[in-house]
């Protein structure tokens, strides 16, 4: 257990937590209500959406790849689930969430196929998959916002709470705990990191590397789909392009959390912090009524500063 | 000639595909191969073409530039302030616009080289900053560009679209000589094997800095040309161009692992992408199905490029 | 030693520390113009670090470097080049995606970032032709060249820079004997023209043929410098390892010709690289695969491990036909194969991961083994005497020889029925070699079978019960017993009869 924890928690992965605390303290000088329980639990609830996406992205980035199909897997899952509920058929309603997850897994497998079998760089292939999904969605909905609604389950997943904590946050943490166990304790987790460092040597060690790639992308697809379902529950509807604003913050959350974009190094503990940090940053900037332009600039500058700090610290340690 | 075609297989294939697509496009276009049709086509192609050139310089040194679109947006908004008034002022303005692109690229390069952070992450963050600056300049689309200049750049000279002439200048006056310089070879060396480049006595930091600065310059040129085509400034143009520039270089035979491909390929890839989109417009495919078809064609083209590996008889070859 | 002219290169009190490791410890070293100076030492003795300091790739932690008596700072390869210090590295410094011509252009001494003049290209072409590389097209991509061809280009590139001091670090490891001879002629000529040459090689006969003086390094210190011939091989080896090595190779017991057949290959074909190869390996045998580089022996071994698609022919393991679909199938206990690939850094190990994680990687996929159990590896690690500062340290912190031990231990944990090794001792020091030889012999004694691909004919003779020599995809000779001689191996590798005059190395 100690080994598990010490592997999951590194100094890099603590950085975003410190950053988040600093943000809360700094924010409270301008707006004392930042320190209120209501505000903070609301942040946990919202962070869960980005956090789930970043959880899937972490798995793929540990593998040494990247998944740019997040926006339309998310949107597709939201459209699919709300449309099924919208039919009014109780059976379809119940099946909405599982169907959305299955959709995410399926797209993940398609991503995995391009990457593992056709050996296309993931950055390009997942981009192409993303644009195909966009095309499908446009064809399917006629370019308008899709009709449909969220089921009570979806609404509860997004907005419910248990013992004062948002259910969305608990779901997110549960997913992270489960996947961390998989990463640290199962051969799959070991293979994932090994492939992230050196795929050839891993293959030569007798590992079926394609199946690991397939599984990783499928997990990521399901995480994105779960995020989409919950976002649809939150907004009580699905809408075109609802996923687009999430792509870059997702990647940012992963790297701020100390996971190397080159693969192999990092973990979910840092990603949780990264998602919390980015959610807080966005929220505090908007609470302070800072305009769109400055929000973009400050957002970019702070991410850069955190990354620079990470490398400086490593440089000093060497 | 055969030797040339063999060693530049990727570019040759891309060029052949482009010619077929263009012929189909001109054949199906209701107005046929008129200068007007060609001009509009070439303008659209060149915007993405210059963006793809920017992406090429980042990719050839084994990097990626996610700020291409953002630099375009920033330079476009700058252009919407500076490209009007006296001839001298406009000339200085154009230099300032491209210079701004170069500065953005230099900033990317400096953080990548001295901060030792992966390009994908750096440019992700700087893109946000550049878009923010563009939004400061133009919170809403507006501004103007001198019409005479815009016309001169986007119409035709003796029936040949100006955009094609600019393309030719980029290839013949810039790229081919550049390829024979130490910097030109150094880019490939760095992308192909950083260690080999270093041991060959190449200043790898300087070359990487130069690569990202060149990327910034070409993104600035793309933003400038975009301004000529639209004659306004808009801070929101970025996202589509970044992703399409990556797709374009890949279609043009530039390998994301660095060291392989050429500027000509990047241009061809961009022209292919835009021609497909234009073809779609006149093809009679229901407009709602067009995005799907575009996506399918993009995926199909990339998958065919990847199908090579299925023929590999040695399973280790695919890991290169 | 009363030379008025200061030596070309003089290093004083040079230390190089990587963290806690002292790669070099207060080394004094002098190299004079017009002599070939061989550097000997085990892996990890500090030879390569010393070369990297001279070439400007690394900067010393402490100490002073003088060139012509002037104190200099070699801050980059470029700075070293300005003083005429040129290194040809083990890890080739050619850019794979550029053509031969472009690589030579880049390597020219006056190449900057501006327009490239192309001066010296003709001379480089001539140099290339002199060392047997006349067939190498200037327009060919380096990635498409064979390893020997790349080494030839590398040599031409180094000579093109008109070095005052030329460092050859295992520069001829892949070249055939006749080409090596041409390269040596060239180097002697450079030397006679006043160039200093630093020469690193693990092959004693090469040092015998080329060196004027020899320096031996051990544990980051220079042990002794002496003129060639001052000590015999035995004494030199003792100096290198710091202790007496009784025998390089373990005694070879007579092999049992009736032992059970473990692996039987019939008519293996692949593309036109492997042609109708038959092979029988019995329990307890060590079988050698020899031949010049790239004659199909490497591909044949990959085929056995399931790395090749569309092979023809049949393979039987322990009497039962085996379908070896890939490494995952091959490592299961039903087949019981293990493969030590040629390039330990990119194929055998994951350098960024810990020793422990590397050890466990092969065993992880075996249901019948608990990969987390340290006792799986303890035996072989002890026998191989792995030197490490903790199993949780990255495997990249180990020296080359110790890294190879990790690769071996990782596969031995699976208790393989048949072990395939692709040139496991290339570029590895003498002491590690003997440890590897001993463990291979011991495995064979315990009933495993070993197939050993090697470029070192001493190994094929001293260690192997039978050696098959490949030429152009075929086995042209199967040698055992008294036929297993250097002459026969070399003759077969060149595909001439041993009595023919050309078969002299």
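When the chains are written out, they are named A, B and C in that same order, and each has its own residue count from 1.
In this section, a contact is a pair of C-beta atoms (placed from the backbone, for glycine too) under 8 Å apart; a residue touches a chain by one contact, two chains touch by 3 or more.
Computed from a predicted structure; not experimentally measured.
**Q** Averaging each chain's C-alpha atoms to get its centre, pick out the one most distant from subunit A.
**A** Farthest from subunit A by mean C-alpha position: C.
**Q** Name whichever of A-C and A-B has more C-beta pairs touching across its two chains.
**A** Between the chain pairs A-B and A-C, A-B carries more contacts.
**Q** Any idea how many Å lie between the Cα centroids of subunit A and subunit C?
**A** It comes to 46 Å between the two C-alpha centres.
**Q** Averaging only over C-alpha atoms, locate the centres of subunit A and subunit B and give their separation in whole Å.
**A** 30
**Q** Got the subunit C residues that touch at least 2 other chains?
**A** In subunit C, 326, 347 touch at least two other chains.
**Q** Do you know which subunit B residues sit against two or more other chains?
**A** If we look for residues of subunit B contacting two or more partner chains, we find 315-316.
**Q** In subunit A, which residues are in touch with two or more of the other chains?
**A** 200, 203-204
**Q** Tell me, which parts of subunit A touch subunit C in their complex?
**A** Residues 187, 190-191, 193-194, 197-198, 200-208, 264-265.
**Q** Over in the complex, which subunit A residues touch subunit B? Could you list them?
**A** So the residues of subunit A in touch with subunit B come to 66, 68, 114, 117-121, 123-125, 127-129, 131-136, 138-139, 142-143, 199-200, 203-204, 244, 248, 251-252, 255, 261-262, 291-301, 303-304, 307-308, 311, 315.
**Q** For the complex, give me every residue of subunit C touching subunit B.
**A** 55, 57, 76-78, 81, 87, 89, 91-99, 102-103, 105-107, 111-116, 139, 141, 270-271, 299, 302, 306-310, 326, 347
**Q** For subunit B, which residues are in contact with subunit A within the complex?
**A** Touching subunit A from subunit B are residues 64, 66, 111, 115-118, 120-122, 124-136, 139, 239, 243, 246-247, 250, 256-257, 288-296, 298-299, 302-303, 305-307, 309-310, 315-316, 318-319.
**Q** Considering only the defined contacts, which subunit C positions touch subunit A in the complex?
**A** By the definition above, subunit C touches subunit A via 326-328, 330-331, 339, 341, 346-353, 357, 360-362, 364-365, 371, 410.
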